[in-house]
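Labels A, B, C, D, E, F, G and H are assigned to the chains in the order they are written; within every chain, residues are numbered from 1.
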């Protein structure tokens, strides 16, 4: 039986090429992962205003479709690959949108937006630095969203390039430089930002936990699917 | 760089849970695979007439959308996970549909329908037995389509169950029983039929080549993407 | 010397194809396993009344023969592959039958019926859910037998198919669904029910111990043969 | 599916502890092995006359029972673990007995007696030396049986001890000493004689093929079950 | 004894961070590699004229110093990490400079400039495409130098970025796109251009040999040191 | 990105052939090592006076050059491979020279001279025995330098041969013989003295910590580069 | 350097074929083992009186010769492979003989006779059972010797066969049967008795320590040579 | 059974510490090696005349004793570790001595002196260079002996140090330097000269076969014991 332990469904933004790679690396034995794509092309780096307007409307339309395509595969939980996307509507608006889709498809839905916050709470990270590939407007929005939800943002900065073209090593350098000793850890935002391979080294080297969008989303999805597997090499969140 | 050697895009029928698993197993080093989903729920086993009518219309609409979602990921080639689906329109109609989508997205498109025929020609398989999970109507259509394209169908039979719920071992038993010595090999049809793990054992045991939908589709996609990798354990097609 | 550490003899019900596979996987270094077969064909799923009448009579005759065949191989202990079979006569009747055979062959005899209860006691499982492939009548009998021996049965349900045709993954799904948080663990009954491969994942995921017929029988046989080996991957019972 | 590629059934003489061990080592992927036991205690070393009389009668009775127990497990082929046993009745009598059981159970039956002769023919072994653990009477009978079937016996000798108590290393020494350069190879008779581990070294060192009862029986059973797997380390017979 | 089979000395341009990495990966057992650095900072991408003037003068001064530092380590051969650097003076001038240093230190000196040409001759590559990270002026100079030495340059193009910041995957993509079927192979120039990891995949995929500066330099240095080791995974040049 | 976690630059004395070997063995994942060479030929064994005079002058000139060559490679920290060299000027003079170079290149500089003292302090080693390959004059100087910095030298002895020609095993024997139970550990001085492979065995066998020049230098450089990796097999210093 | 960590010399009784095998398996990294042979043929099983008379005289002559042959190899310690041999003279006589040889060769000498007693003391074994391959007279002598040195012999029994012809598995069975719960552990005597492979399983299964002649001799020799290595799989004595 | 395939006995010169190490590395599965020591201390490097006089007399006495000690271990063949020793008496005298010992012990005896010549003949080496650790007198004697037996000695030279203190790497360097292209291969003489680890690299690098004393002695002993095993990494002699 394919996905005997759990079938996880992922809604992947269409320009994203990193999620399939990182989720396949993290999949525990018996867990299969299935993908649907959401049409999102307006550049996360360059066209922020359109993102808010046209994209949000389009997502309201395309997300339920993608969720239903995954429901056809009888997945146990659906994950949404948007992190910053969730910051636009605020927590309440975000939850309302998610609940509405959950209602349509009858499958629990998890978003990177929420998962990273729960992961940070679990790891005792309140004062954080945030490394992103976003435009400044998005970073500003993230600062407000996270602050509104109880986090203290010591710094939030962008690497300023198309997320998945950045090598993991450069993300390590960028995030480590951003880190300050008084922070409780680092949050590396964006599911298209390939940081999985350097999470453990970064944790070792700063001596504090590191949370990334995909790592936190996987952690939350496994939790919802009631799968408990200790993994090595992807940071302390997945090692417990 | 993710998918530095090639990025392959796959259009996965929404109820299919086997393609992600088998393609991940076959992926050569440097080749990444990205997925979009096509909404197809009408039962392949039980609702054939609707399949032809409503589904074909829906696919004409949803396939270009899925292809565009994969084009966003800058894939080098797109593969369509339908084998029997291509039999409905006949070769000419099938090619016309594919060419029209190729035209829209500007990326070469390969279908399982065509790939299996090219694979069998390469392996010298003209007289074949065909193992499927389809309803009888589909099998009948397959017999005609393949015959029209130069193959001699010694037998075509269905296992009569939902494709991905059948274990690989039972597919081995079913296909081996169907085989007759005068055949040039076996064709196991349907991308949702989990036969990858038993292809090599089956080839060893009947002493003739075996082609499956996913194996042939991968072979053809790598060829289009100009990737040449000899793989062991998935039958002679991918071993050369 | 073959089986220098211990030779284990197993009486395998003739339709059972799972015991040889699971016991070979669990065998510690230096322990050999030898098999005799007991003729039992009347369907465990469909012909319960006959089972009680004709089968019990036949077993009274065939079990001593099988035990003697294993005694010829100079085994240190003999295991009986019946779990539900032992429920028919009640504990007293069951023990009387076993003692009588032990008396004839001069080799200690262990049954799955008894082993699973001792294993659950060791693991502190009093309130349990029970997953089986049996007919309802057998489940009802099991409920009474286990209750009479001090267990609290929160649920006992059948998957309703011929035991060894069910994939391990489906047994995982079935047992996990049956589980309720107030239970102390899960008991998966039937030596022909292929659950060994998923025991550890199931324990991880529910956070409570899981006992299966073959696992408990192996545990008890090693104990009688005075072999103490900590094994990984087959649940907490064999890991200590 | 257990034994998806093939299920092999073995009838094991009750005092034999070597067959389960050697067959488990040789089993190809996807092939499961199931065992039934035949009550045979009269000493192969010391009570030859009784063997012929009482044992043959008993076997005529117990072999069909054992075969039926294996048929219950839906095996694809049944192997009989007697090599020398088949020499008593002569080829014709032996085949008649086998055919009669085959008729009762509807499953093909293979015997070590026949398998070793076919294996030697395949390997071009006509002039042979034979190493056994049998009493002299049995060896004499083997000499006549093999000669009657076209083999030239340059030597047949017994190691003079209970077969499975002899270490593999001593069998190597014994057989190598027996070998003469003009022989085409060595035949090591008896399924309870643990020679599997030294077959390859012995072949390397004498530079000629070596056939053993279990190796040849496995080879023949896989052939009947239409499984073709090249194995290393068990002599040239299974390496092709 | 360190470097018992051979000690190789490398003169590494000071901005180069790729040579140590790739040479360590290629080092055969018993071969140690020792490094001296040459001060070269003027940007290979942006300051070509100065490179010719000031750098050449500086190199005439610093190369003998570096060679002597390596002679102190008693190396068997010294390799110079410049490829394009050798194009400036023409073959005659280049050889004159090398011979003069060889004369001073008494150790044979090999340059990437010469090694790549000998490697291509060995592999039968006369008509080639050339992938570089150089400024156009350097490429133009390379075209003339290689042409003057008997090669037919079908194309020579630059990726236009600082060599060692380009990922191996992007070099694969760049070189493969440059390739034309009528070429005998690809030459990837520059010792700071990290192509070692993709050489084999590129050869497989274009079906023709690929030569890189570091691979050819290692090949030539081992030849001079009389070390013959067949290596897998670094292209056909080192596999023979 | 090459050296994504850290780039380490090493200034290697020109006659030294051991540093490249030992540092490559100790390099953690993501850490690249780059080398520049310092011209030092006057025999450490035989020409001590000249070492002080001419060499110090020459080093004052060549060290800044080498440091700049490494700065070109954008290293995070530079290590100097001199241990005994630092003893000549005394701590103050040594630090002044290092600070002056640091000032010129803008990269932190670490020396074996300092690193070994910090390592011993961390491990609680105050009373030590010292094994070296130096001339007696150097040993005498080391005794004074270390004493002046708070260490109690129970013994300091030379093996009396050119450092890198001594096998690791002989260093083990030499150091172990030098050890006295009242010492807190052993310090094996000289970066050209190949002791890395026997550090762990020596620690196990004397039951006290062992510090070597290269091990301590690597430890200190990783600390400055903020890389924290626990390594096995190189003594307790790098295992924490 | 061969045996850089330690060179161990062993005096092997000439009929013994087990010591080389077991000591090679136990040798830690850097420890080499060298062998000299002592002419001892009089059967340990059958000719006890001669052993005492002629053999002791011969040993007094041959042991110093063998010790000197090992001293030529510059070993750090010499081990004598006699266990029961030491019982003849009593502790005082035994030590006097050893001291006299030590005096002649100037190398510390360790005997199995003494080593096993020290090992048992370390493991807290006072009440013991003893498994041997000796004649009854030797066992009787062992009982007295061990008693005189503070041990309480609950049982001492012989397997009654030439030591090295007994398989390890049979030694396991024999010793386990001899064991009684009130014993502190088992002592398996004789360096020619191949028990190394089953020591760990036996310890696991009886839950008490097991000491053998070769294991204890190795432990003591490493102690004298000041080598401390924790080994797995040879019992708790060598695991600390 | 220890040494079930063959038991090899070796007579090791007492100062030799290399034979045990190299023979253990070359031992095929099932082959055990047993050692006796021959008292030989007079320095092979410095006391040649005494070697001839006193040592030869002593060896005539001690070799039969050692051979008998190995015969007690029931070895299949005995190897003598002297290469140059055999040159003193000439071929006839050497063979006469060996035959006389063979006669006393009844076990075939092989000497390095003879084995190396047979090995070279097998490999087609007639014109050879010879690398030794001997004094010049011995080399001169070797030149004459080998010439008398049909070999053409292009060069024979000594490394001039105590054999086993030389590292393998230095033997590689020494022998490679001695090699001339017109030679058919290299012969590295002396069983105490640790060349086994570099034989294969040396063969690769000169492109001709290399024979060493221990390698040739093992090859010959396995031939006599009728063991045929192809080994990798020890030169072409043992690879066939």
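Here, contacts are C-beta pairs under 8 Å (C-beta built on N, C-alpha and C of every residue); 3 or more make two chains touch, one makes a residue touch a chain.
All figures in this text were calculated on a predicted structure; none of them were measured in a lab.
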Where each step is a move between two chains that touch, what is the least number of such steps from chain D to chain G? 2
The chain pair with the larger count of contacting C-beta pairs, comparing B-D against C-D, is C-D
Rotation angle superposing chain E onto its copy chain H by C-alpha atoms, nearest 5 degrees: 90
So how far apart, in whole Å, are chain A and chain F when each is placed at the average of its C-alpha atoms? 45
So, in whole Å, the Cα centroid of chain A is separated from that of chain D by 62
At what distance in angstrom does the C-alpha mean of chain F lie from that of chain C? 64
Touching at least two other chains at once: which residues of chain H meet that condition? 1-3, 167
Interchain pairs in contact, sorted by label: A-B, A-C, A-F, B-D, B-E, C-D, C-G, D-H, E-F, E-H, F-G, G-H
Chain E - residues contacting chain B, complex: 167-170, 172-173, 176, 198, 201, 204-207
Per the touch rule, the chain B residues reaching chain E in their complex are 1, 3-5, 29-30, 226-229
Note which residues of chain A are touching chain B in the complex, please. 1-3, 7, 12, 14-18, 20-21, 24, 32-41, 65-66, 68-70, 72-74, 164-165, 194
